[in-house]
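Two complexes come next, and they have one chain in common, chain A, joined by chain B in the first and chain C in the second.
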Partner chain A sequence: MKILVALDGKFYSRGIVKEVARLSESTLADVVFLGVQDSETEVSQSQQMVLHECQQDLYSYFRPDELPYADFSLEKWQKIASGDWKVSATGMKEFTLRIRSGSVAKAVVDVAGEMECDLVVLGCDLKHGCDWDGDMNVPLRIAEDAPCSVLVIKQSGNTREIVSILDQSEVHQEAIEMVNQLVTLHSADLTIVGVQEKNEDKKDQMEQRMVELLKYYNDRAVSAWAKVINSAMVTDYVTESSQNAIIALWMGGKQSLLKRLFSHSMVDKLLNTSKSSVFILR
Partner chain B sequence: MLKTLLYINEDLASSIALRFTDYLSRFVNLSLFIAHVEEPDENEQVGTGWVRRTWEDGVASSGKRLVDRMLRTENINCSLAGRPKVFVGEMEKEMILELRNGFYQLFIKGYLDSANPEPFYDLISSSLCVETSCPMLVVKNLSLSKKCALLCADSVDPRVLVEQSMKVVGESSFEIDIVYFKFQESSQVQILDRREGGNNLGETESLLAAAGKTVVNTTVLTGAPEQVSDYLKEYALVVSTMPKRKSIHIHVLAHSLASVLLVRDTAQK
Partner chain C sequence: MTIEQTSILILDDEPIVSKRLKPSLEKKGYEVETFTRSSEALQRVTERQFNIVITDLKMEGMDGMQFLTEVKELNPDTEVIVMTGFATMATAKESYNKGVFDFLAKPFKLGEIFEVIAKAEKKIKRLER
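Here is the complex of A and B:
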C-alpha cells in the first residue's frame, strides 16, 4: 500500500500527521509527503523544511525499534524533472519527500497517478467549509480527479462512527481494508449503507456487495451494521450522517449510481458541510 | 430446547439472519429448522395433476439448491434439527401454515434495516406477523453482544413482556437489561432517574425477579425514537411486546439497528 500525503505549512496539514502515522503503521505503507511550490527552477527551502518537520513528526509516533522507515538527510534532494524534486529513504518500507511546482490539485493528482498510490490524504481548513490555503477548489478537485481513494481529514478529534455508503459497483480489496483500518484507528462503529436502485439486478448486486463486506468485517471481528436506503434519500442521508460520522463514499465506474448521484456539486457540498472527515473510495 | 423455524431466501437479510441465528445458538438452546418458500410467478404456474406435481417438484428442487447454497456459503456451526423444508407457494401463507402445524416456539426472519420505517410497519401489520402466535425474531443485524434488552414503556404490559420473553431468553446466558423508554422530542437522549420509570418498571423488575432473572442494568431513557434506537445498538437483541398500531414504540423498533424479538399475549390469541 502506498499513501500520498499532500502537505503545506498550515495547521490543518500539521494536524493530519498523527492520523497518517497511525494509518501507515497499521497498513505498513510506503509513504510519500508531497509539497507544492510556484517556482520551477529552484526547490524552496521552506517547503523542504515543512516536509522534513512533518516527516520527523510522523517518525516520532513510532518506537525507534518499530520504525519501518530509514532516516535520510536533506542534502540528498534530487531534481528528477523540471519543477520536480525528491528524496527517499528505504528501510523496511519506503519514505519519500517530494516537491513539485504548479497548482496543488494538479500536482497531487499527477503524482498519485505516476507513483501508483492507493490513497491520497490531505487536511483542509474548516473556516469556509473545506479549503486549502484559501482555495476551496483544491480538496474538491483532488477528491474528484485523483485516480485512487482520497481521505480529506477535517478534524483530528475521535469520530465514533464510520458510515460506508455503496452501490452495486465492485469494491476493491485495498479500499475495504482502508475502511477496516479507519474503524480500528478510531475504535468506531461501522455502518454499511447500500443504496438501492429500482432495477432488480442492480439491487441484487448491491446486496451481494454488502454480504461480501459484512463477511469481511465480521471475520475480522469488526461489528458492522447493515442498512439500506433508496436512491432518493441518499443525499439527505449523507448530509445528516456527515455531522457526526466519517463518510466513506464508494465511487465506482461509469455505471455507479453514487457517481451519478454525487455530481460535482454534491461532493463539493459534502466536503463543505461535513463536520467529519470524508473518504472517497475508488 | 426451543423449537425454532428460520426462514431464508437467497439475499442479504437471510445471510445476516443465518449468521445471527448461529450466534444466538451460543446463548439459547435451539432446535433449529430451516424453511424456504419458492414463489413462482403466476404465469409460470402450470396444469393440474401429475403435470403440476412434476412442475412443483422442479421448483422445489431449485429451492433446495438455493438453501444448500446458502448453508454452504454461510457455513454455520449450529446444527439443524431436520432437513431444510422447501415449500412452493406464497411465502406468508406457507410459513403461517408451517408455524401452526409444527408447534414452533420461535420464528426467525431476516429484515434489511432501512432508513425508511415503512417496510417495518408493513412487516408488523403483515398476516405473517399478525397470525403467528409464537415469538418472532426480526433479525436486522449481526450484533455480537452478550446483552439483551427488555424494552419497557408506559404502553407495555409488563406481564406479557416478561412471561413471553422468558420463554425465549429465560434459560439463555444473555445478560438482561431493562430499557424503559419515555418519548420526548429532544436533540439528545437523556438518562433519567430510575423513579421516572413508574409502576410498569417496578412491576417488570418484580416479575423478572420472580422468574429468577437478575437484571444487570435498568435505564430510563427519554428522547426521540431515532436516538433511543441508536442507544440500543449495544444489545444483541431488543425484546418488545408486539405493537398493535403505529406508535412511538413501533418507531423505536423500526429504527433499532439491533434485532428485535417480538412477543405477544398468547392468552388473547
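Here is the complex of A and C:
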C-alpha cells in the first residue's frame, strides 16, 4: 500500500502525523509526504523543514529496531521537473518527501495519480468546518478529484465505529480492503449501510450484495452489522452518524448512486459538519 | 534447483485477487498456479516446490499464517510473500519471524507486487549461484 500525506506547517497537519504513523506501522506502507509551494523556480527551505520535521515525528513513533524506513539527508533533495522536488530512501519500505509548486488540491491529486497511491490522507482546520489554510475548497477538491481513496482526518485517536455507506454501482475490492484496514487499525465496529432506491430490481441486488458482504466478514471472523436505508433518508443518516463514527462513503463510477445523492454540496456539507474523520472510497 | 521459469503459487480465498494477478504475472513470463482453498494449496506444495508463494492471511479454514508455516517447513527455499486486508503490526512481525520475504497490505497496485516478486526472484537467483 502506498499512502500520500498532504502536509503544511499548520497544527491540523502536524496533528495527523501520529495517526499516519499508526497506519503505516500496521500496514508497512510506502509513504509519501507532500508539501505544496507557490514558487516554481526555487524549493522553499521552510517547506523542506516542515516535511522533514513531520518525517522525524513519524519515525520517532517506531522503535528503532522496527522502523521500516531508511534515514536520509536533506542534502539529497533533487529537482525532478520544473516546480517539482523530491528526496527518498528505501529501507524495508520506501519513504519519500516531495514538494510540488501550484495549487494544493491539484498538486495532491496529480501526485497521487503519478505515484499510483492507494490512499491520500490530509487533516483540516475545524474552525470554519473543514478548511486548509483558510481555503474551504482544498479538502473538498481532493476528496472529489483524487484518483484513489481519501481520508480526511478531523479527529485523531480511536474511533469505535466505522459506518460504511454502500454504493449500488460495482463494489471494488480495493475499497473493501481499505475499509478493512481502517476497521483493523481502530479495532472498530463496522456497520454496512445499503442505500435503497424504489426500484425493486435494484432492491434485490442490494440485498444480495449485503448478504455477500456479511458472509465475507463472517468468514474472516470480523463482526459487521448491516442496515438498509431509503435513499431519501441517506443525507440525514450520514450527517447524524458522522457525529461519532468515521463515515466511509463509497463514491464509485458513473453509476454511483451516492454520487447522485451526495452532490458536490453534500460532500462539502459532510466534510464541514462531521465531527469525526471522513473516508471517501474509490 | 535451477530456475528456468519462476513458479508462483497464489492463495487467496477471494477469487478476484487471483483473477487479477494470474494473467498479468503469466504475461511477464511466470508460471502461476492459483488456489482459493488453503487445503488444496497445501496439497499442491507437498507435490511440488514453488519458487514463490503469495498468500493471504485471513481466510476461511486454515489461515495464511498456518499455511506459510507449513510451506516454509516443507520448502525453506520458497520465498513467501504475505498480503493482507487486515494488517496489524503483530501479524507483520509474526510473518517476518516465520521468514516471509515481504508483507503487503491490501489494497496494492500491480506494480507494487511485481516489484516485490522481482526482488524475491533476484534473491533466489543469487542464492543459486
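Here is the rule we use: the second predicted complex is superposed on the first by the 276 of 282 C-alpha atoms of A that agree within 3 Å, B and C clash if a C-alpha of one lies under 4 Å from a C-alpha of the other, contacts with A are read in each partner's own complex, and residues count from 1 in each chain.
The rule is short, and it goes like this: a residue touches a chain if its C-beta (ideal position, glycine included) is under 8 Å from a C-beta of that chain, and two chains touch if they have at least 3 such contacts.
Keep in mind the model is a prediction, meaning the values are calculated, not measured.
K.L.:
Sticking to the clash and touch definitions up top, decide whether chain B and chain C on chain A clash or fit.
P.N.:
In the arrangement built by aligning on chain A, the partners chain C and chain B fit side by side.
K.L.:
Could you look at A:237 and tell me whether it touches chain B, chain C, both or neither (first, second, both, neither)?
P.N.:
first
K.L.:
Scan A:227 for contacts with chain B and chain C and give back first, second, both or neither.
P.N.:
In the superposed model, A:227 contacts chain B only, not chain C.
K.L.:
For A:78, using the defined touch cut-off, is the partner it touches chain B, chain C, both, or neither? Pick first, second, both or neither.
P.N.:
In the superposition, A:78 touches no partner, neither chain B nor chain C.
K.L.:
With the two complexes superposed on chain A, say which partner A:56 touches: chain B (first), chain C (second), both, or neither.
P.N.:
It touches nothing on chain B or chain C.
K.L.:
If we overlay the two complexes on their shared chain A, which of chain B and chain C does A:118 touch? Say first, second, both or neither.
P.N.:
The second partner, chain C, only.
K.L.:
Could you look at A:207 and tell me whether it touches chain B, chain C, both or neither (first, second, both, neither)?
P.N.:
Only chain B is touched by A:207; chain C is not.
K.L.:
For the overlay on chain A, what angle lies at chain A between chain B and chain C, C-alpha centres, nearest 10°?
P.N.:
Apex at chain A; the opening toward chain B and chain C is 80 degrees.
K.L.:
Give one of first, second, both or neither to describe whether A:27 is in contact with chain B, with chain C, with both, or with none.
P.N.:
It touches chain C, and chain B stays clear.
K.L.:
Of the two partner chains, chain B (first) and chain C (second), which one does A:180 touch, if any: first, second, both, or neither?
P.N.:
So A:180 only meets chain C here.
K.L.:
With the two structures laid over each other on chain A, which partner does A:189 touch: chain B (first), chain C (second), both, or neither?
P.N.:
first
K.L.:
With the superposition applied, I'd like the minimum CA-CA separation between chain B and chain C in Å.
P.N.:
Checking C-alpha atoms only, chain B sits 10 Å from chain C at its nearest point.
K.L.:
Common interface residues of chain A with chain B and chain C?
P.N.:
221
K.L.:
In the complex formed with chain A, which residues of chain C make contact?
P.N.:
Interface residues on the chain C side: 13-14, 16-17, 58-60, 85-89, 92-93, 103-109, 111-112.
K.L.:
Mind listing the chain A positions that touch chain C in their complex?
P.N.:
1-2, 25-30, 66, 116, 118, 173-174, 176-178, 180-181, 183-184, 219-222
K.L.:
Can you tell me which positions in chain A touch chain B when the two form their complex?
P.N.:
Going by the criterion above, the answer is residues 189, 191, 194, 204, 207-208, 210-211, 214, 218, 221, 223-230, 233, 237.
K.L.:
Where on chain B is chain A touching in the complex?
P.N.:
Going through chain B, the ones touching chain A are 11-12, 15-16, 19, 112-116, 140-144, 233, 257.
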